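Quick notes on the structure that follows.
A, B, C and D label the chains in the order they appear, each numbered from 1.
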Amino acid sequence: MEILLAKYNYWIYVALMMIGIYGMIAKTNLMKKIIGMSIFQTAIIVFYVSIGAKKGATIPIIEHGHGAAHAAVRVADYVNPLPHVLMLTAIVVGVGTLGVALAIAMSIYKEYGSLEEDEILERLE
Amino acid sequence: METVVSIKPLLASLVSLVAVIPIVMSGKRPNLREGWTFLAGVIKFGLIISMLPVILAGGTIQYNLWQVMPGLAIAFKVDGMGMLFAIVASTLWLATSAYSIGYMRSQNEHSQTRYFSFFAVALSATIGVAFAANLFTLYLFYEMLSLATYPLVTHHQDGEARASGRKYLTYILGTSIGLVLPAMLMVFHLTGTLDFSGAGILAGTTSKTVIICLLLMFVFGFAKAGIMPLQGWLPAAMVAPTPVSALLHAVAVVKVGVFSIFRVLTFIFGVELLRTLDLGGVLCVIASITILVASLIALSQDGLKRRLAFSTIGQLSYIVLGVALLSPSGLTGGLLHIAMHAFGKITLFFCAGAIFVATGKKNISEMVGIGKRMPVTMIAFLIGSMSVIGIPPTGGFISKWHLLLGTLEANRIPMLVVLLSSSLLNAAYFLPVFYRAFFCTDEESMFEAKVVEAPIWCVAPLVMTAAISVGLFFYPQPFLDLARMAVRSMGG
Amino acid sequence: MIWQFDFLILALGVICALASISLKDLLSAAIVFGAYSFLMCLLWTEMGAVDVAFTEAAVGAGVSTVFFLAAVFHTSRIVQPRRRGRMLHKLVGLAAATGIGILLISATADFPNWANPNSPASTHLSPFYITETIPLTGVPNIVTSVLADFRGFDTMFETAVIFVAGLAVVSILGRYGRRLRDYEPSPVGEDVAHQSPIIQAACRIFVPFMQLFALYVVAHGHHSPGGGFQGGVILGASFILVAISYDLRVMQRRLQERRAMLFSSLGVLIYSGIGALCLLMGANFLDYSILHTILPATSPIMARSHGMLGVEVGVALTVMSIMVIIYVNVASYGKSDRGL
Amino acid sequence: MISPEQYPVLIVVIPLLSAFLISILGGMDKRFCYPATLLALGGSLAAAVATLCLVADHGIIHYRMGGWAPPFGIEYVVDYLNALVLVVVVFVAFMAAIASKVSVEEELPHKIPQFYTLFVLLTTGLLGMTITGDAFNLYVLMEIAALTNYALIAMGRKRALMASFNYVVIGTMGACFYLLGVGHLYIMTGSLNMADILNILPHLYGTNAILVAAILMLMGAWIKMAFFPMHGWLPNAYTYAPSATSSLVAPLMTKVSVYIMIRVMFSVLGAVYVFKVLPVKELIVWLATAAIIAGSLFALAQKDFKKMLTYLIVAEVGYMVGGVWLATAQGITGAILHIVNDAVMTLCLFLFAAIVVHKTKGHQLSNLQGLFKKMPITMAAFAVGALSMIGVPPTAGFFSKWYLILGGIDAGQWQFVVALLFSSLVNAVLFFRIFEIAYYEPESAQHGHGESVAIDEAPLSMLLPLVVVAITIILLGLYSGEIVTTFIQHAVPAGI
C-alpha cells in the first residue's frame, strides 16, 4: 500500500503511454493513430506534472505578491512550477502536431478516399 | 645522398592535367587541340629529363604538396625507380599521341576531344604514381588513373564497350577498395606512417600471419598488374581503340599496377623483411603460375590484340618475379623489364593498330602474307616480338638476362626453368605471326603484293619505338643505372 | 491532494483512453477523447498545475476536440476492420507497448516518492524560481515568470511551433494561390438561416464575454492562472464558436484567414522583436531589464514584468489566429467557404 | 553595435525573425521570398562563421538567454563540436536555398511564401537544436524542425502525403521518447541544463532510471536519424518530397540527429557512462554494421534514383553511429568528420537530383540517360559527390572513412571495418551504374553518334550551388587534417 501510494501516478502514466503506443502502432485507421499519438503525449504530461507535485504545497502563485515581505515566501508552500512551464510547451506542441496530422490525414482521404492504412497502401500500388 | 626540394615532380605530373583545359577549349579545331597535347607532352618529357642528372648523381628530389592530416600527405619524391618509370611513360606518351592522331582520324572516331582529354589525365596519374612519396599519394593517383581510363576503354559506347567497361571497373575498383584500401589502413594502423622507405616500414611491427595477409592483399589488390586470377579485365579492355590499348594496357595501366606492387613490396615491406620471413617463395609461385598459364592461353588466341593482351599478363609477372627473387640482379631485372617490355609491347600494339587501320583485319588467321603488303610494320613487329621474347639484339634480352642471373643468385632453379620455358612459349606464339606474314606462297597470301602502309602518323611512331627497342640493347645505360640505383636504395 | 480522488480520475482517464482507442465510431471516439482531456485537466488542477490545466481545458478538451470533429465530419466516420495481417499488427503493437511499459515501470523504482518535497526536482532548481520571482521579476505567478522570462526562450519557440502548425495546415490543406479578393466572404444568405436561432442568439450573447474574458486572461496572467496561450486559445475559440453557430463566412467577415495569417506572423514577430530589441540595446537576447531605459518610469525589475506582458500579447495574437486558421482549413477542407 | 559575444544568438535569431518577415512580405508579394530567404540565411551563415572563428581562437562560448545564469535560465553553448556543425547546417541550408528557386516555382507555384517561411524555420530549428545547452530547449527546437519538415514533405502531394503521415507518427514518437528521457533525468537530478546534469549524474550512474533515460533519449535520436531498423519512414518521405525540400532535409535531418546523439552521449550522460557503464557498445556497433549493409543492399535494389540515395542515407547513418560507439578517439573523430562531410556530399547528390527532376521531370534511373553529354558541368559536379560517397581520395568522403576504419581497427571491431568496405564497394557499383547510364545515350538517340547533342545545362541558380558544393567537397577533403586538429580533436571526450 505504501509503495502503491508512493508511485501509483507513475504507473498510471505508463499505462496511458502503453495505450497510446498501442494505438499508434496497432491501429490502421489514421484517425485512431492520431488519437493514440495524443494519448501518448498527454501521458508524458501526466508524468511531468506528477514530478512537480509537492505534498502540502499550493499552486505556484505567490500570495499577496506585491507588498508582501519577500522573506515570507517559503519554498515548501508552492509546488514546483518548472514542469508546468515545460508542459505548457508540450500541450502546445501537441495541438500543433494534431493539427498537422489531421491536415495530412484529410489530404490523404481526398487523394485516396480512405483512412485505412492498408487500403491506401493497396491503392498506392 | 643529397635531397633536392623542387616543385618539378608536381609540375611534371600536373602539366598534362592542366593541358586538359586548352584541349577542351579548342575542341572544335583538331589541329590546335593536338598541338596542345604535343606541347604538354614535350614539356612533361623535358621536365622529367631535367631531373635526371640529380637522380643519376645519386640524389632524390622531394616536394611536399599538402599535409592532409598528420602522417598523411600528398607528397612527391623522385628516385631511381620512379624516374625509370616516368621516362618510359612520358616517352611513350609522345609516341602514342602521334599514333593516336593517325589512328583516330583515319578511323573517324567520335568524341575525340574527350579522348584526348582523358588521355592527358591518365598520363598525369601515371606520372603521379611514379613520383609518389608515400602510399597514400600512390593510391590517390592509382584511383585517378582507374577513373580516367574508363571513358577511354568504353570509347565506342556500344554494348560491348559497356560490358567491358563494367568488367574493367569491377576488377580495378573492386580490388583497390576491397583490398588495397584496408591493407593501406592496416599499415597506417601498425606504423603510423605511409612514407616509402628503402628499408621498408613494416619490419618488427606485427606477426608473420598479418604480414602475409597484407602481402597478398597488396599483390592481388593492385589488379592492374593482372596477376591471375585477377587478369580478366585485361583482355576485355581490348575493345578500346588501339592507341588506348597500346599506351594504357601495355604501358601505363598495367605498368602502374606492377610498379605499385614493386614499390610496396620493396619500400613498405622491405627486401630484408621479405627475406627474413622467407616470403619470396610465395611470390614466386604466384608469379610463375601467371607467367605460364597466360603464355599458354596466348597460344590459343586468334585475335591479335587478345594474344598481345595475354602476352602482357605473362610479362607483367616477370616483373613481380623479379621482386620475388629478392636478389639484386632479380630486382634490377624486374625494374629493367618495366622499360624493356614497354617499348617492345607498345611496338606490337602499334603494329596491330596499323594493320587494322590499313586492312581492317583483327585476327591472326587473316594476316597470311601481310608482310608483303606492310613490310615496315611487320619488321617492326618482329623487333617487338624479339624484345618480348628476349632475343638479342633487343632491349628485352637485357632485362631477361638480369632476371635469369637473379634466379641463380637466389638459388631458385625452378624459376630459371619457368623463365626459359616461358620464353619458348613466347616465341611459339609470336614467331608464327611473323612467319606467316612473310613466308607464304602467293596463292596462300590474302593480300595483293602491293605495298600499302598505314598513314605516316601511325607508322612513324612504331618505327621509332622499334628502333628504341633495338637501341636499348646497345645502350641500356641510363635505365640500367637507374635500376641499379633503385636496387641499392632498397638495400638489396 | 486526496489520493482517492486522484486515483478515481486516473482510473477514469485510463478507461476513456481505452475507449477512444477501441471505439469503432470515430465521432464517439473523438468525444470520448475530449472527455479524457477534461479528466486530465481535472487531475492537473488537483496536483496544483493550474496553468497546465487551464491550457489543457482550452486546448485539449476544447479546440482539439473541435478539430477532431471537423476532420471526422469531412472524412469517414466508421473504422473499417483490417483485412489481413490483423493479428500480427496487433501483436507488434502489443509487444512494443509492453516492452516500453516494462522499461518505464522498471525505472519508477528509482524515482523519489510521488509528491515528496525533498525530491531533486523540488530542491534543485525550483526553489530559485519560487523565491526569486518577486525580487527579480515582480511577477507573482511563478509559471508566468518562468515561462516568459527565465525560460522565455523556450516559449518563443513554442509560439513558433504554433505558428508553424498553422502554416503547415494551410500549406497542406489550403487551396492555393488565393488572392485577397478570393477571400471576400459572400454576403450572408439564406444558408445561414437553417442554423438554430437559439444557438445563434446564445452565441451572440456569449462571444463578447468570452473575448473580454480572454483579454483578461492575457492581461492578468501575471497574477492569476492564465496568460498568452490560454487567452489566445479562448479568443480563437470565440471565433470558432461564431463559425460553428453561424457560418464560416460570417466568421471570416470578422477575421479573414489572410489577415489571421498576418496576425500570426505579427504575434511571433512581436515576441522575437522584443528579444531582438534587447539585443540591439546591448543586453542579451530577451533580457527585458534593459528595456527600462526606453519604457517610461520603470525600474529594471518592472521592465521585466512589462516585457513579459509584451510577449504574452504576442503569444496571444499568434495562438488566436492560428487556432482560427487551423479550424477554418480543417472545417472547410481548405476551401474556407462553408464550414461544417 | 552588436558585440562579438552576441554572435551565437544571431545565428538563430536572424533566420527566426526573417521567417516571420518572409511570411508577412510574402503575403504581399511572393517575389520577396527568395531574396529575403537568401539574405536571412546569408546573415546566419556570416554569424556562424564568425562564431566558428571565435571558438577557434578563444575556446568554448557560453551565452545566457535573457541574462539568466544557467542552470536557471537557458544557455547556449558553442563548443568545438557544434561550432562546426552550425556552419555546416547554415551552409547546406544556404546552398539548398539558392538552388531552390527554379524547382519551387515549378513544383509549388502557389505555395511560395509558405515554402520559404517553413524552409527558414526548419533551418532555425536545426540550428537551435545544434547550439543549445539545455535539454528541454532541444526538444522544443526538435519539434519546430519536425513540424516544418512534415509540412515541407507533405507539400509533395500524392505519395508524399502517406510518407509524411508515417513520418508524423514515428517522428512524434521519437521526440516523445526524447522528452520522456529528459523527464527521467529531471526527476532524478532536478535539472534541465546539460552541463548541470552531467555534473550531478555520476553518483546516479547505477540507477535503473538513468539507464532508462539513456535508452529513451538514444531511441529518440535513433528514430529521428532513421537508424536501422528504425529507418522505415525515411526513404518514402525523402523520395516523394518536393526537390527543394529534399535537398535541405536529406543532408541535414539525419546529420543533426547524429549530432544530438553525440550531444546526449557526451554532454548529458557523459562518455564514462555510455562507454564504461552501459554494456551496449558492441551491440550498437553490430546494429550499425547491419544498418550499413542493409542500407547498401536496399539501395542496390532501387530503380528510383532519389530512393536509392535515401537508402544510402540509411547506410551513412550507420557509419556515424557505429563510429561514435566504437569508443575510440579515431572512431569518434571519423564520425564527427563524417557528419560534416556527409552533409555536404548528400547535399551535392540531392541538388543533382533536383536538377534531374527539373530537366527530365522524373527521378528514375532511366531519366539520367545521356546526361554527360547534355550537362557536362552538372555531371562533373555530381561525379565529385559520387566519388566522395565511394570514398576516393582526395574527396572528403575518403578521409572520414579513413578515420572510421582506423577506429574500427583500433577497437578490434572487424565486422564494422568489413561493412564499411562493403558499403564502399556497393557505392562504387551504384554510382558507376549511374555514370554508365548517364554516359551512354538513350536508345533512340544512339544512331546520331556524333557531337550533335546540344549542351543543355541546368539554370545558373541550380548549377552554381552544385558546383560550389562540389568544390567544397574537395576542399573539405584537403583540409580535413586542419578541421580535425583545430576542432574535432577537442570535441572527442578525453580518456577513452
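In this section, a residue touches a chain if its C-beta (ideal position, glycine included) is under 8 Å from a C-beta of that chain, and two chains touch if they have at least 3 such contacts.
None of the values given here were measured: they were computed from a predicted structure.
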Chain centre (avg CA) closest to assembly CA average -> D
Would you mind telling me which chain pair, A-C or C-D, is linked by more contacting C-beta pairs? A-C
How many angstrom lie between the centres of subunit A and subunit C, each centre taken as the mean Cα position? 12
Approximately how many whole Å separate the CA-defined centres of subunit C and subunit D? 31
Give, as an integer number of Å, the spacing between the C-alpha centres of subunit D and subunit B. 44
Using mean CA coordinates as chain centres, what's the subunit A-subunit D distance in Å? 29
Where does subunit A touch two or more other chains at once, residue-wise? 21, 24, 51, 82-83, 86, 89, 93, 96-97, 100, 103-105, 107
In subunit C, the residues touching two or more other chains are 104, 108, 111, 119, 121-122, 125-126, 129, 151, 154, 158, 161, 164-165, 168, 172
Send over the residues of subunit D in touch with two or more other chains. 136, 140, 143, 147, 150-151, 154, 180, 186-187, 192
Listed by label, touching pairs are A-C, A-D, B-D, C-D
Please give the residue numbers of subunit D that touch subunit B in the complex, ascending. 387, 390-394, 399, 402, 405-406, 409-410, 417, 421, 424-425, 428-429, 432, 435-436, 439-441, 449-451, 477-478, 480-481, 484-485
Which bits of subunit B are touching subunit D when the two form their complex? 66-70, 72, 74, 110-111, 136, 139-140, 143, 147, 150-151, 154, 157, 162, 165-166, 169-170, 173-174, 177-178, 181-182, 185-186, 188-189
Which stretch or stretches of subunit D touch subunit A in the complex? 136, 140, 143, 147, 150-151, 154, 157-159, 161-162, 164-165, 168-169, 172-173, 176, 179-180, 183, 186-187, 192
Given the complex with subunit C, which residues does subunit A contribute to the contact? 5-12, 14-29, 31-32, 35-36, 38-39, 42, 45-46, 49-63, 65-66, 68, 70, 73, 75-76, 78-89, 91-100, 102-107, 109-110, 114-116, 118-119
Subunit A partner contacts - residues on subunit C that touch it in the complex: 1, 3, 6-7, 10-11, 13-14, 17-18, 20-21, 26, 29-30, 33, 36-37, 40, 43-44, 47-52, 55-56, 59-60, 63-64, 67-68, 71-72, 74-76, 79-80, 82-85, 89-90, 92-94, 96-98, 100-101, 104-105, 108, 111, 113-117, 119, 121-122, 125-127, 129-131, 133-135, 138-143, 146-147, 151, 154-155, 158, 161-162, 164-166, 168-169, 172-173, 223-225, 229, 319, 326, 329-330, 333
